[in-house]
Every structure is written in structure tokens, then in C-alpha cells.
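Okay, so chain A shows up in both of these, paired with chain B first and chain C after.
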Partner chain A sequence: MTWPRLRDLLTTYLFVAPAIILFLVFSLIPFLKVFQLSVFEWDGISSHMQFVWLNNFRTALFRDTSWWISMRNAGVITLLALSVQNFLALVLGLIVDREIKGKNFYRVVFYIPPVLSGIVVGLVWNWIFDGSHGLLNHALTTIHLGQWTRAWLADPKTAIYGIAVIHMWKGFGWGFVILLAGLQAIPRELNEAARVDGASEWYIFSRITVPLMMPVFFLVSILTVLGTMQIYDIIVSTTNGGPGYHTEVPITRILAAMVGSSRFGYACALGILFGIILLAVSMVQMRLSKWSARFS
Partner chain B sequence: MKPFLKFFAPLALVAWGSILFSGCNKGSSSKKGELVLWHWMTDREEALQQLADQYQKQTGIKVRLELYAPSDSYASRVRAAAQTNTLPDIYGILGESRDLASFINSGHVANLQEALAEKNEGWQKQLFPKALATNTFKPGNQHKVPPGVYGVPIDVTNIQMIYNKDLFKQAGLDPDHPPLTWNAFLDAWHKLKAAHIPGLVSGWGETWMIDCFASNYAFNIMGEEKVMDTFRGKVPYTDPDWVRVLALFDQIHREGLLVSGVVTMVNKTAEQTFANGKAAFAFNGSWCVNVYKGMNPDLSFSTMLPPKLSDKNPMRIWGGAGSSFMVNAKSSQRDEAIQFLKWLTDAPQQVLLSKETSNLPSNRAAVGQLPPSLASFASQMDATTHPSQWAVTEQPTVTEALDKGIQSILVGEKTPEEVAAEVDALKKQQSSK
Partner chain C sequence: MDSSTPKTVSSASANPSPSRPVSGFQFQILMYRVQRYTTLVFAHLFCLMVAAACLFPLIWMVSSSLKTQSTIFSDMSIWVKHPHWENYYWAWTRGNFSRYFFNSLFYTAVVVVGVIVISSLAAYAFSRLKFPGRNVLFILLISTMMIPIPGSFIALYVLLVKLSLIDTRLGYVLPQINGGLALGIFLLKTFFDKLPQDLEDAARIDGCNKFQVYLHVAMPLAKPAVAVLAVFNALAVWNEYLLANLVLSNRTLMPLQRGLMVFQGSHITQYPLLMAGIAISIVPILTLYFLMQRYIVAGITAGALKM
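And now, the complex of A and B:
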């Protein structure tokens, strides 16, 4: 290799090296460290770590019922978000996609909740759902449905659904924006041609809009699953996982293991398990997406 | 050199330089004649700064305060600094006794026993013994920490029942004679209920506060030794005394004593509820004096011990050191750091700190100058206890299951017997590991 060629090569690496070092230090090494810690029992402070093989994973999989309760809770919220939240986002997207008055105003309004902090949203909804002086109970009493009033977030029957409502309210704007972008990408001529041919609005929706929107639906559903399963800030600012374990979610359990009982190794094992579950769900959805694309 | 290299080479050098220099950063290391102190207390920052300035004038030693808030971020920072040996000269450790023990066993905390015992235990005698006990490890402790005192309390605290005097009067109760027994407490509650006044509020969404209330009554019903024996695994949670403790929460639920939503309420909301006169009783710590003053300066309240359920054992309340500072055992200025803490906990500085922040001073001589609201908390310091002072502590997962189970009882979802059985099963599972 000639000196100019070598110099060019070295110069290239010199430029790339800071980025690689930053990536290694702040992304790759911590990522690998989580795997290393997951097979140790460690309190996060002590210099002594005890190697426990795969015990942490075994405990999480077969003995920690609270972990699986938290997965179930996150699953319930995710199912509601996938159906109700995304349906609402699609309906609003379809409405705003039409030539209606003030559509830009609605676009901005619908996008406000996602940009708000989860903690702030939680605190506001705490006030709405409050058992003694909440807005919801007040409204129910006003319309003579006082027998339905309750502390919505402290009642085991309603707490998880209350959390789901807050999460969906905060999250539907994301889906709305992505779905609206997808709707606007559909050539107008297709719809117009169908109308000229006498197709009904439902026919246009089911035979033109839905097939062309399939990739967008899958994108939104993957983002919904990943975003909802990792719900945390709303829980912290409303129920803190209670009453009992009724609103515990995977992230609160990982934190409880790490901060609450100083089991860093176990928390890392939970984190890895959670990552694997999310990865598996995403892969299934991507497969479905490819299959549906071929089908449509 | 190609023109683009002339432009970008210095940029690459800057990028490299910043990486190298950030790697060399030693955090908050202090220089000679300067002490670095890390804390998380936003409400005490101003008063501490005032005292640090005063100390510099008197001794020439600068104390550099570094505030990291909120407390979660602070705790993470301290843990990270411990792993990289970049802890400051003085710092606080947030957490339970097992966390403090880990820091000590890793060589990060200096033993202050000798300094406290100097000059006929002059420093030690100034401070509340219960507060010192929070940072003390006795011989043969479960964490295998060498015996000694590892922290200095800068204030003390305890958690009691607080009642609204105006609401008491409104219900025809005597605000100067609060109920002392559980039955008298229930009678008072019935009168309050008849006057449409809500009962008890507390931040029981934060499970440690439930744990605190439950252990008050566990100590009262079965005594300290039996509670410790439960933690040791010698007494099951299905023991009738434990079921009685849990049944108390069932009674609270059935009597409708709690303000709506308490089981998921954070303490800040509970404090706001009490300060607004929307509850007759609160279960809260001495820090509430300052909080209530900010929320409602006209609030008229007083304190009482949680009403006794049994005469067999005294009622014990959680308390001890409020906030403590530790000296870094690896600091080159250990002695200077200890001297500063000695000065900080001296009576004049404690009076100022207490006056500015409405917290209970850790120096007993400073108690005489407290306002009545704080004095009523200070008067019960002898009745305090705390998990960090106990011979044994329960496994965190079992404690969590007990607290969550109590939440379930409070919402009428589970019976005391069911919760006792669940907690006992978990305890056995954990003990068998």
C-alpha cells in the first residue's frame, strides 16, 4: 500500500473513530453488560458479584407471578390501544382527510396530547378520575348516574381500564398523523374514478383505501405495541402500580427489582426477557405485514 | 493536504479531544482547602449554602455544595460514582440499611465512631440517639458490616397521626384531647362521619407508608421480638397476631374511614387533601409542618400517636434520622469533612437549619427553640423505631407482597386471611432459596 493511500485510509478511520467509540461506550458495551449482569446476583454497589447461571431467568419465568401479572396488564392496555385507539385515529384521519372547514386546526389539536409529558397527562387525568372531587364523577352525578361514581384509578375493577383510557388519549395523535399521511398518499384519481363508476363510500373504503393502507396499518400497529408495552410514566403519575398489582406493567417491575430490592442482575434478566418478547411480537407483525402485502 | 481535510481535520481533533478529556473527568473531586458535598434537598439548598458560606468565613475552608434532584436521580448518581470511585468528600445515601451496608462493605463510607466518642462522647451526646441509631451497625448485624456509626443526621423525623383541630370542633370533638385508643378513635370517626367530614388520608399509593402504618400496629399487637422472629422465619405470617394486624385494614375499609382513592394516592396529593381541610386525619411525617405551611398557612392541626389497639406493648412509630451525611472513606480530606459535619450539627447551625426549613433538628439542644407544631413531633422521638435500627429486616419482595396485599384488603378485594396466606407462601419460597 502506498503512503498516500495509507494516509487516506488512516484519515478516514480518524474521522469515523469518535463516532465508533461513542457508539461502543454508550450503546454496545452497556447492551452487552446487561447480558453479563443478568447471570449474576448483584446489588448495584458492591464489588462482589455472585455468578448464578440462569437462575434469574428461571425465577422470572416460573416463580415471579407479579412479572406475568404485569405482562398481562400491559397486554390488556395494548389490545385496547390496538383496537380502540387506532380505530379512533383512523376515523379522525378519514374525517380530516376530507375537504372540511378548519382541517388544519384539527390536525394540530389531535397532535397536542402526544407531545405532552406523560407525567403531566397522568396528573391531569388523576384529577378527572378522582373519587371525591373528580370531573368524571361530577359529570355522572349531574346526569343522575351517581350510583356509577367511584375512585376510578383505585378500584381494582376499573384501574387498568382507566390507565388504558389515559394512554389511548395521549397516544392516538401518533396513529392519527401516520394514518393521515398514508391516506394522503393514496392517489385521488383512484377514488374519483371509482365514484364516477358509481361505487359507494364503503366500497371505496373497503376495496381501495384499506388494501393500499395495509403497510401503514402494520407500521402503526407495531409502533402501538412497542409504545404501549413500555408504558411507564402514566402509571407512575397515577397509580404507582396499585391497587395491589392491578396496574403493574413490565417496566415498573424491572424498576422494582432494581431500585426497590437492589437486585440488579434480576432486573437485567427481566429486561432481556421483555426485549425478547417485544422482538418476537414485532417479528410476527412484520411477517404478517409481508404476507398481507403479497395477498393484497 | 486536500482542502476538505484542512477544514475537517481540526474538527476531528476537537472530537477526539473531547472524548479523551471527558474520560479524564474525575467528577467532583475536591482540592485542598475545599470540600465537596453532594445532596438532593432542594428545600434545604439555600440554608445549607448560607451555612457553607458561614463555615468558609470561620475556617477558610470552602464547602462546595452540589445539588442533584430529584432524589431518584441523586441515588443513581451516587451509585454510579461509587462504582467509579468518584464520590465526593461528603454525601448522603438514599435507601435502606442494606444499601448503606453495601456502600460500607465496598469501602465508601468512613466509620465515625471514634470521632463521635472523642472528648467524652461530646459530639455523640449532642445528637438524638435514635437518629444516630439509623446509621449504626451493631456487632453481629445481618449485613456483616463492622460495628460503628457511619453517618451523621442533619435533621430527624418521625411519622405520626395528624388531626385537623377545626374539623374536630365542627364534629363536636375536643381538639385538645385526641383519641388515644383504637376504640376511641373509631368513636371519633363516627362523629366525624355524622358531620359529613372525611376521615383519614395518607399517601398509601407509596407502599412504604403502608408498611410504616402496618409495622406500628405489628409492634403494638405482638411486640418487637415477635416481629423480628417473623422476619427470621420463626413465626409465620398466618399467626393470629399478623392476621389481627391485617384485620385492622379490613376494619378501616369496612368503616369507610379512608378518603376515596387513598390506596393509589401519592403523599403529595394526600398532603394537599389534608391541608385543604378535606380530611380530619392524616398519617404523615414531621416534614409535613413545612409542607402544610406552604399549602395552607391557616391550617390548625396537632399530632397524636396512632391510637393503640393493644395495651400489651407500647405504640412505636417510624422515625430517626431524617437526612444523613456520610464521609467518603477514600477522601484525602476525611478529617476536614468530619470537622465540617461536627460544626453543621452544632446547636447554633441546627437552630438556623430548623428555622429555615421547618425540620426537626438532630441536635437535642436545638429542640427547645421549636414552634409548637414541630415540638409535638420532637416530643415523641423516644417512641421511634425504624427498619434500619432493627436487628433483622424483612426481604424486600416479602415486604412488597405484604404492602400490596394490604392495598387489596383496603379495596375489599381480599380478606386478611388470604393475604396472610399469600405472604407466608412467598416468605417460605424466598427462604427456601
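And now, the complex of A and C:
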């Protein structure tokens, strides 16, 4: 290779070098390091690391009940988000997709909660759900439903649902925007042709809208699962996992293992397990998506 | 409710014939219109209720930030008669929110610029320049978007300690720049791929080198994609909490989200100041959102398409 050609190639590599270096240092090395640390017992500070084979994984899988409680809690929130939040998002999407005035107004307003940070949302809602000065309790007392009042986020019976409500409030606007984009991509002529042929609204919805929207539905549900299972900011700014373990979620458990009990290896093992579970869930959903595509 | 029917309805009602009894056809049109308007009213009512539910907590937060510690739990009015604007002053000064605010501004600006510069350079190379290993490197960089690695922040923390980047601005900024690269490279590469090659060829013939073509031809054309990237990264950095919690323990370095938690922890009872702090923290992000909202919609759709 001649010198000018080599120099030309080197300058080309300069274009990608910053990205590659950052990627290596802050993505690839940590990624590999997680697997390495997961087979050690290590407090994060001392130079001594004890190799413990797969003991961390065994503990996580079979002995750590708080971990599985946290998975179940996140699962409950995820199921609610998948059903209630996405249903609301779809209904709103279908309404706004029609020729109604103020389409843009609704789109802008519904997307305000997703723009806010989980911390801000949590802190504001914390107060709405508060036991002694909470807005919700105040409203209930005003309409003579005083017997229903409670410390919503401190009561073991309601805490997880309170979190779910906050999470769905923050999230439905996001689902709405994606679903609306999907709906608007459906050619209008299809609906109109069906209507001219005398099809009912329900027929149009179930035979045209739903089949065409299938890929979007699956996309939204995969992203909902991934996003909700990894919920953290809202938890930390409201209940911080309490009362007891009632609102613990996987990320708070990983952090508790790491920062709380200084078991870095164990925290990494939890992280890997969690990653595998998330990957498995999204793979199943993608399979389902491909499978359902054969019918439309 | 579709756009084609109203025309026939209005032309039919343009010639009303009050003397004759309502024929069956006209009755049908009447019923159709009644049905149409009731659905429309219900649709709007429903949407307005949801919109109110979106806005109410925010309005409540602002009105609470104007009350005093003694009235905040008794005065449930939305419209505050004697607003205490000084709460904002106290939050800004004594609550340290000025410091957090400028830190957030700094981190957001640095990460956004970093992501745009680094990912556009890489995306341009992946789209236009030929070099060995191009596809492998591209897939490697993009793969970080696909694989959820919830535990990687532990190793990242260990790494930052080793590089003595813990509790430094650099240690907070670099991982976030890296975090924005995958989407940035992906978005910009697809954008560059669609640009016509002719302009760049002309620039090359006129004697521009690769870098000049990138800077003076490709980048100016990529403005829409760059705007999407800027908004998305700005939102992500401004709202980031987990990394700030792990990396930064020095109060003078903390961004707003971290500052809010610290303030809540140490002044648990000062609700009006906390609410003022929250209001301060969302003003810039809401402004950005209102100004750039069409880019956000474009970005969500593009971001969703990456899957």
C-alpha cells in the first residue's frame, strides 16, 4: 500500500475513532466486566476477590426471596401498564386519529408527563398520595368518602398500585404518540372503501385497523415491558421500596446488593439474570409478532 | 365522522324545506348528524378529562410552590390569593437550586454537543467512506441499543473508580455521551444514506477533503436529524438520575434531579420550596419540548423503528 493511500485510510479511521474508543471503554469493558465480577465475592473496595464459581447465581435463583418479590412487583406494574396504560393509549389514539379539532393540542398535552423526569413525577405524586396532607385523601373527605382515606403509598395493600398509577400516568402519552403514528400510517382509502361497502365501525376496527397495527402493538408492548421492568426513578422518589418489600423492584435490589451490602459480585449476578429475563421476554414477544404476522 | 360525508350532509341541509313534512331520507340525515355530534362531544369530553388529568398535578405543584409552610396543608385552592414568589428566590439561593440548575445545563449542553459531534463523524464514515471492518464496527456499535444490560452500571462504577473519574464532571458526562452514540449513529447514518451523492462529489472535485465535505456539505443538510438527536439527548440527560446518584456525591457537582432528592432528604417538611425547586427544574425542559415538539414526535417514531 502506498503512503498516500495509507494516510487516506488513517484519516478515515479518525472519523470513527472517538466513537469506538468511547464504546470500548464505557460499553464493552463494563459489559464483559459484569460477567467477570459475577463469579466473585467482592466488596468493591478491597484488593481481595474470592472466586465463588456460580454461587452468586445459585443464591439469586433459589435463596433470595426479596429478589423474586421485586421481580413480581415489577411484573404487576408491567401487567397493569401493558393492559390499562396501553388500552387507554389506544383508545385516545383512535379518537384523535379521527378528524377532530384540537388534534395537536391533545398530542402536546398527553406527551407532557413522559417529558418530565421520574424524580419530579414521583415527588409531585408522593404528595397527592400522602396520608395526612394528601390531595387524594382531601378530595375523598370532601365528597364524604372519608372511610376510604389511607396513606396510599405507605399501606402495603395499595403501595404497588399507587406506584403503577404514577407510572401509567407518566407513560400513556408515550404509547399514545407511537400508536397514533401507526394509525395515521394506515391509508385512509382502506377505511373509506370499507365504509362505502357498508362495513360497521367495529368491523373496520377488527378487520382493518387491528391487523395492520399488529407490528406497532408488539413494538409498544415490548418497549412497555422493557421500560416498566426497569422502573427505578419513580420508586426512589416515592416509596424507596417500602413498606417492607412491597414496592421493591429489580433495579432497587441490584443497587441494594451493590451499595447497601457491598456485594458487587452478587449485584452483577442479579444484573445478568435480569438481563437474560428481559431478553427472553422480548424474544418471545418478537416470535409472537412474527407468528401473528402470518395471519394478516 | 370521516371527511367525505360532511359534504353531502351540508349540501342537503343547505336547501331546507320547512313547509313539507320531514321525509325519510332527511330524517336519516338528521339522525346521522345527531349521532355524529354526540360522538364528537363525548370524544372531546373524554380527551379533555385525560388532558386535565395530565395537567392537574403540574398546576397543583405550581400553586403549592406559591403558598407558605403554614398554609400549604390547609389552603387547598388552586388560585393562590397571596402568592409568595419569594419561595422561588429561597429555593434558588438557600436551596442551592441555582447550582444544580447550572450543573444540569452544563451536563446537558456537553453531552448533546458530544453526541452530535462524535456520532455524526462516525455515521458519515459508515455511510460514505470505505474502510476494512466497516460493517463489523457498525453492527458492534449498534448492538448496544438492542441488548438490555441492567447490571452494567455496577461495572461502570468500578471502572470510573479505577480511572479516578468518580465524583467528577467528566465521569458523569462520558458514559452519557457513550449512551447516546448508538441511536445517534443509527439515525444519522440512515439520514446520510438517503442524501444524494452528487453534492459531495462536486465538493470533492472542487478540492475539499473528506473532513471538509462532512463539515460543509453533509452536516448542514443533516440539520433535521441533528435536531431530533439534540432534543432526545437533552431530555435524557436533563432527566437522568441513576448515574448521577452513583457517580456524584459532591453537592457542587450535582444536577437537578439529584439535587431535588437531596433537598427532599434534608428539608423534608419544606414543601413549598421543594415544589418551587421542581417548577424550576421543569421550566427549561418544557420550554424545549414546546419549541421542538415536532422533532420529538419524529424522534419517537424513529427511535421506535430502530427495533
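We take it that the second predicted complex is superposed on the first by the 278 of 296 C-alpha atoms of A that agree within 3 Å, B and C clash if a C-alpha of one lies under 4 Å from a C-alpha of the other, contacts with A are read in each partner's own complex, and residues count from 1 in each chain.
Here is the rule we use: contacts are C-beta pairs under 8 Å (C-beta built on N, C-alpha and C of every residue); 3 or more make two chains touch, one makes a residue touch a chain.
Small disclaimer: the values here were computed from a predicted structure and weren't measured.
With chain A as the common reference for superposition, the partners chain B and chain C occupy clashing space. Of the two partner chains placed around the shared chain by superposition, neither chain B nor chain C is touched by A:40. Using the contact criterion defined above for the overlaid structures, shared-chain residue A:278 touches chain C, although it does not reach chain B.
Residue contacts after overlaying the shared chain place A:217 against neither chain B nor chain C.
Once the two complexes are laid over each other on the shared chain, residue contacts for A:128 go to chain C alone; chain B is not touched. In the superposed model, A:242 lies in contact with chain B only, and not with chain C. After overlaying the two complexes on the shared chain, residue contacts for A:155 are found with chain B alone; chain C is out of touch.
Once chain A of one complex is fitted onto chain A of the other, the partner contacts of A:107 are limited to chain C, with no touch recorded for chain B. For chain A, the partner that touches more of its residues is C, with chain B and chain C as the two candidates. Legend: residue contacts after superposition of the two complexes on their common chain; A:67 is shown touching neither chain B nor chain C.
Stretch 242-250 of chain C is the one among 242-250, 278-286 or 296-304 that clashes with chain B after the shared chain A is superposed. Overlaid on A, the two complexes show chain B and chain C touching the same residues of chain A, namely 11, 15, 18, 22, 44, 132-133, 259. Chain contact summary for the complex, chain B toward chain A: residues 5, 8-9, 12, 15-16, 19, 72, 75, 79, 82-83, 95, 98-99, 102-103, 105-106, 108, 198, 205-207, 259-266, 269, 278, 395-397, 400, 404-405, 407-408, 410-411, 413-414, 429. Listed in rising order, the residues of chain C touching chain A in the complex are 1-4, 40, 43-44, 46-47, 50-51, 53-55, 57-58, 60-61, 64, 72-73, 76, 117-119, 121-122, 124-126, 129-131, 137, 140-141, 144, 147-159, 174-175, 177-179, 181, 185, 209-211, 214, 235, 238-242, 245-246, 257, 260-261, 264, 271, 274-275, 278, 281-282, 285-286, 289-290, 293, 296-297, 300-301, 304, 307. Residues 9, 11-13, 15-16, 18-20, 22-23, 25-27, 29-31, 33-34, 37, 44, 88, 91-92, 95-96, 98-100, 102, 105-113, 115-121, 123-125, 127-128, 132-133, 135, 138, 169, 173-174, 177-178, 181, 188, 191-192, 195, 219, 222-223, 226, 230, 232-233, 236-237, 250-251, 254, 258-259, 264, 267-268, 270-272, 274-275, 278-279, 282 of chain A are the ones that touch chain C when the two sit in their complex. Those residues of chain A that touch chain B in the shared complex are 11, 14-15, 17-18, 21-22, 43-47, 63, 126, 130-133, 151, 153-156, 159, 238-240, 242-245, 247, 256, 259-262.
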